[in-house]
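Each of the next two complexes has subunit A plus one other chain: subunit B in the first, subunit C in the second.
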Partner chain A sequence: MQKKLLEIKDLTIKFHTDDGVVEAVNKVNLTVHEGETLGIVGETGAGKTTTALGIMGLVDCPPGRIEGGSILLDDRDILRLNEEEYRKLRGKDISMIFQDPMTALNPVFTVVDQIAEVIANHQQLGEKEAEKKAIEMLELVRIPAERAYEYPHQFSGGMKQRVVIAIALACNPRLLIADEPTTALDVTIQAQVLELMKDLKTRSKTSMMLITHDLGVVSEICDQVAIMYAGEIVESGSLEDIFENPLHPYTNGLFGSIPDIDKEVEFLSPIEGLVPDPSDLPKGCKFHPRCKYAQHLCSIEEPVFQETSPGHYAKCFVYEGKLPVKEVKKYE
Partner chain B sequence: MAQIDVTLAPARRKKSKKRSLWADAWLRLRKNKSAVAGMIMLATILIVIYSSPLYLDYDNDVIKPDLTHTLQFPAEGKLLGTDELGRDVLARILWGGRISIGIGVLSMLLSSIIGCTLGAISGYYGGKTDGIIMRSLDVFMAIPSLLLMITLVSVMKPTITNLIIALAIGSVPSVSRMVRAQVLYIKGQEFVEAIRAQGASDFRIIVMHILPNAISPLISQFVMEIAGLILAISGLSFIGLGVQPPDPEWGAMLSSGREHIRDVWHVTAFPGIALVLTVVALTLVGDGLRDALDPRMKR
Partner chain C sequence: MSNHYIEVKDLKKYFQTPGGNLHAVDGVNFTIGKGKTIGVVGESGCGKSTTGRLMTMLLEPTAGEIYFDGKDITKLTNTEMVEYRKKIQIIFQDPFSSLNPRKTVFHSIAEPLEIHKVYPKKAEKENKVYELMELVGLSERFVNSYPHELDGGRRQRIGIARALALNPEFIVCDEPVSALDVSIQAQILNLLKKLQLQFGYTYMFITHDLSVVKHFSEEIMVMYLGQMVEKAPVKELFANPRHPYTRALLSAIPVPNLKKKKERILLQGEITSPINPKNECRFAARCSFATEKCREEVPEITDLGGGHTVRCLRIHEI
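What follows is the complex of A and B.
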C-alpha cells in the first residue's frame, strides 16, 4: 500500500449568504496516495471546485466557511495552520491549475517573470537563477525559450495552459490540484495538455487531484475516481471499479448520458431533472428526486457511504439491502 | 552538372529580447506621434523654465518694479510686455513656471502615493477596512476641494511645502476612489486567485500584481490632474493664500492682470498661454503613457 499523502475527513463547507445557507460541500472524505491521480467527477455545482479551494485554504471568507472536518497533509492538519504557514504551503506543497488559462495569467508581465516569481518566492533563489529555472520549466512544457519574454496575450490558449502548468509545477509540489484544466481548450489541445500533465506527473512523482466533468479525461489519466453529487461523494473506487462496475444510480446515469460509438441508439438517456439547489437540498438521499430506483425510504433516511468490495465505496440503500432492487443498471 | 544551391534560410524566429516593462513602454511611446510631440513640448518647457535662474536675476528681472514702464505692450521694449508694476512678463512667466509646475507635480506625486495606498488597501481587503477608509475620505469629499485646500492652507502657514501638502490632501479622495475602483475590478479576475494559490503574500499581490494592472489606465488621469492642480494653485494665489507676492506664479499673474484686461490683454494672455501649453503637453504625454504601459497594445 502506498503512503497516504492527503486525507480529507468529513470536510464541510458552507456559504452563509443573504438568501440562506448554501451547503456546498457536505462531509466529504477523500484520500490521495503518493504518486496517484484521483479524479473527481460531477456536474456543475456539485462542489468540486469548492472542495479544491478548501484544500488550498482559499474559500472566500466571508461568506464561505469551513464548518468541520480535517484536511491532513502528511498526517498534519493543515486547517489548523495560521495564514502565514498556509501561504508557504501554497505553490510549494500544493499547487493548483485553474480552469480558464485565458485569465489565469497576469496580463502585464512576461510569462518567464511569472514563473520566476513563484520560484523566487519559495526557493530563496536570486533573480538570475530563478529566471534560468523558469526557462527550463518552460522548455519542460514544450514552449521554446525564445518565447519566454513574451506576454500572455501573445500566446494561444493551449500555450497559456502550459504556462500555467509550468507555474504550478515550478516548485515540485507534492500535490497538484487541476480544476478542469482542459475544459476551456479545444479537443486537439486537450489531448496535448493531458499528455503533458501525465508525463510530467510521472516524471516528478507528484500526486494529482483532477477535477472534471469529462469521464473521457478521467479514463485517460486517473487511478482513482470519486463521483460527487450535491456536495457529497456518492461513489468512489479505482478506475476499473467505477468504469467496469458502476454501483450508484447516479454514476450509472452519467455513463448512460455518454454517446457510445458501438451502439446505435436513437436518443441518449440523460438523467432527468436538475442538480438540487445547494441552499435547499432534499432530505434523505440527495439524489432521490432524480433516481429511478427511488422509493419512499430514500426521501426519509440518508444512506451510509459503505464499502461494497475492497476499495469500492457507494452511498445507496441498494447496497445496504434496504431496497428491493437486485442490480443497478446503466440508464438506457 | 549544374549544382543548384538551395540553401533555404532557416526559418528563424525573431528572438525576443529581455526587456523590462518600462523599456517596452518607452519603445511603444516613441512610436506614438502625439506623445512624442507632447514630450518635446514638455521637455522644452521644463528646460527653459528650470534653467531660468541661469539667465534671469531674481532681484533685478523678476521682482523689481519699474514704475516708469508699467503696462507696456509687447515688443515696446520687453518681448511680452510689462505688467502693472512695470515688471517683465516673460521673465515672470519663466520664473513663475518653476513654482507652478513644481508644486503641481510634487503634490500630484504625493497624492498619488497616498491615494494608491489607501485605494489599494480598501479595494483589496474590502469589508470593514474599506468602510473605514472610504467613509473618512467621504468626509473630505463632502467639502469642495478648493474650500478644503483654503482651510488647510489657512490653518498652516502659506509656505510652499504646506501648499503642496494641502493640494495633495485635497486630491487624495478622488485619486483613491479611482484606484479603488480599478483594484476592485482587477481583484475579481482569476489571475489574482491563481497567484494567491501560488502562495504569494497579500503585500506581494497588491504591489506586484494588482497595482501595475490598475495604474496604467490611471496614469493619464494622474497627469491631467497635475493640470488641475496648477489651476488650483492659481485659485489659492488669487485669494492670497497661494504663492506670496512678490514671487511670480502663473495663477497669481492671471488674477492680477484681470483688472487691466480691458486695456492691456497681454498681462493675462501670456501666463494663460503658458498654462495651456503645459497642460496640453502633459495631457498628450499622459495619453501616450496610458497606451504605452498596456502590453496588450503592442504591435
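What follows is the complex of A and C.
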C-alpha cells in the first residue's frame, strides 16, 4: 500500500454572504497517496475549486470560513498552521495550477522573473541562480530558453499554461493541484499539455489532484476518481470502478450526457433539472430532485457514503438496500 | 442558380490590422440542404465564428456570395435585408454577455417581435412570448427575471427563444453549449434537435467540439486558419478522415472510455498567424507530412467523391 500523502477529513467550508449561508463544501473526505493522481469531477458550483482553495489555505475569509474537518499532509494538520507557516508550505510542498492561464500570470513581469520568484522565495538562492533554475524549468515544459525574457502577452494560451505549470513545479512540490488546467485551451493544445503533465508526473513522482468537468481528461491521466455534487462527494473509487461500474445515479447521468464520438444516438440522455443553489440545498439526498430513482425516503434522510466493494464508495440509498431498486441502470 | 437551399461561394473576410491583412475567412465554399445541419469545426482563430457572422450578414464579406433560397443576400440593400433577417437568426456562444442585463426575460424575447412589428396587438405579443418560453423549456415564473438572476442554461434558453421568435428558417448556432455544464449541455442539444425535427430548421452548427457535431449534423466542415481543409458527410469524416489536421483533431479528443484508447497524433507547435499568410499550405508548419512542395503553394481542393473534399497536396500519398 502506498503511503498517504494528503488526507482530508470531513472538510466543511461555508461562505457567509448577505443572502445567506452558502454551503460550498460539506463534509468532504479525500485521500491522495504518494505518486497517485486523483481526479475530482463535477459541474459548476459542485465545490471542486473551493476544496482546492481550502487545501491551499486561500479561501477568502470573510466571507468564506472553514467550519470543520482537517487536512492532513503527512499526518500534520495544515489547517492549524499560522499564515507564516502556510506561506512556507505553499509553492513548496503544495502548489496549484489555475484554470485560466490568461489571468494567472502577472502581465508586467517577464516569465522568467515569475518562475524565479517562487524559487528564490523557497530555496534561498541568489538572483542569478534562481534565474538559471527558472530557465531550466522553462525548458522542462518545452519553452525555448531564448523566450524566457518575454512577457506573458507575447505567449499563446498553451504556452502561458506551460509557464503556469513551470511555476507550480519549480520547487518540486509533493502535491500539485491542477484546477481545470486545460479547459481554456484548444483540443490539440490540450493534448500537448496533457501529454506534458503525464510525462512530468512519471518523471518527478509528484502526486496530483486534477479538478475537471471533463471525464475524457480524467480517463487519460487519473488513477483515482471522486465525483462531486452540491459540495459533497457522491462516489469515489479507482478509475476502473468509476468508468466500468458507475454506481451513483449522478455519475451515470454524467456519462449519459456526454455525446459519445463512437456511438449513433438521436437524443442524449441528460440529467433533468439544474444544479441546486448552494445557499438553498435540498434536504435529504442533495441529488434527489433530479434523480430518476428518488423515493420519499430520499427527500427526508441523507444516505451514508459507504463502501460497496473494496475502495469503491457511493452515497445512495440503493446501496444501503433501502430503495425498491436493486441497482442503478448503467447509462446506454 | 442552384438547387441548394443555402450555397456559399468563395466567401472571404479580411480585417485591416496594423500588422497587415488578417485573413479571417479565406475562400470558403459549402452548401446546406433545407432542414439539414452543417457542422463547422475548428480551433480558436480558424474563422468559424466569422463565417457564422458573415452568414447572418452581421459582418459584410470582403468577397464572395451567399445564396439563400436562390437569392444572393450579400447584394441586398439594407431595407431588403430586413426581411431576410427574420429568416436568418443566430444563437450566440456566451449567454452571459449576449443578453442585455437591464432587460427582463420578457423584454429580451419580445424585442425581435417589436422591431419587426409582428404583433401589433399587445395581447398577441404576450401570448407569443409565453409560447416561446414554453417551447424552449423556460418556466413562466421567470418572465420578469433579469439575466443575472438566471443560470447559464436558462440564459441560453432565452437566447434560443429570441432566435426562434420570428419563425426563422436558418439558424446559425455559434458554440451554443460551450459555456455550459455537461448535464445542461445535453439538455440544450436535445432541445435544438427537437426544434429542428418539429419546425424543419436548417442549422449551421459552429463548435470546437467534434463529439457535439457528430451527434448533430449531416455534414462536417473542418476549418484551419480561415480555410476549409476537409468537408465530408459525418460518418465518412469520422470513419475515414483524410487531412492530417482532421486526423490530429480527432485523435486529440479525450474519450471517456477506458477500453477505446486511441493512438494519439500530437501536433507540433501552435497555430500560425493569419496576418498576411504566406503562399503555402497553412497547415504545413505543423504537419508531419509536409514536404518542400507544401511550402510553395496553397493546395487546391481535391474531390474524393461522395461529398468528401480535402485541401491537401499529398492526399493520394498519405
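In the analysis below, the second predicted complex is superposed on the first by the 328 of 332 C-alpha atoms of A that agree within 3 Å, B and C clash if a C-alpha of one lies under 4 Å from a C-alpha of the other, contacts with A are read in each partner's own complex, and residues count from 1 in each chain.
Criterion: a residue touches a chain if its C-beta (ideal position, glycine included) is under 8 Å from a C-beta of that chain, and two chains touch if they have at least 3 such contacts.
Owing to the predicted nature of the structure, the values given are computational and were not obtained by experimental measurement.
Visitor: Once both complexes are superposed via subunit A, do subunit B and subunit C end up clashing or fitting?
Guide: fit
Visitor: Could you look at A:92 and tell me whether it touches subunit B, subunit C, both or neither (first, second, both, neither)?
Guide: first
Visitor: Tell me which of subunit B and subunit C touches more residues of subunit A.
Guide: Looking at subunit B versus subunit C, the one contacting more residues of subunit A is C.
Visitor: Answer with first, second, both or neither: which of subunit B and subunit C does A:190 touch in the superposed model?
Guide: second
Visitor: Using the superposed model, determine the angle subunit B, subunit A, subunit C defined by their C-alpha centres, to the nearest 10 degrees.
Guide: Result: 80 degrees, to the nearest ten.
Visitor: A:153 contacts which: subunit B (first), subunit C (second), both, neither?
Guide: First partner only, subunit B.
Visitor: After superposing the two complexes, find the smallest distance in angstrom between C-alpha atoms of subunit B and C-alpha atoms of subunit C.
Guide: Scanning every C-alpha pair, the shortest subunit B to subunit C distance is 10 Å.
Visitor: Please give the residue numbers of subunit A that touch subunit B in the complex, ascending.
Guide: It comes out as residues 56, 58, 87-92, 95-96, 98-100, 103-109, 117-118, 121-122, 144, 146-151, 153-154, 164, 167-168.
Visitor: If you look only at subunit B, which of its residues touch subunit A in the complex?
Guide: Against subunit A, the touching part of subunit B is residues 13, 15-19, 21, 189-191, 193-201, 204, 208-209, 212-213, 216, 294-296, 298.
Visitor: Which residues, counting only subunit A, touch subunit C once they are in their complex?
Guide: The contact residues of subunit A facing subunit C are 43-44, 156-159, 186-192, 194-195, 213-220, 239-240, 243-244, 253-262, 265-272, 274-275.
Visitor: For subunit C, which residues count as touching subunit A in their complex?
Guide: Going through subunit C, the ones touching subunit A are 43-44, 151-154, 181-187, 189-190, 193-194, 208-212, 214-215, 238, 248-249, 251-258, 260, 264, 266-267, 270-271.
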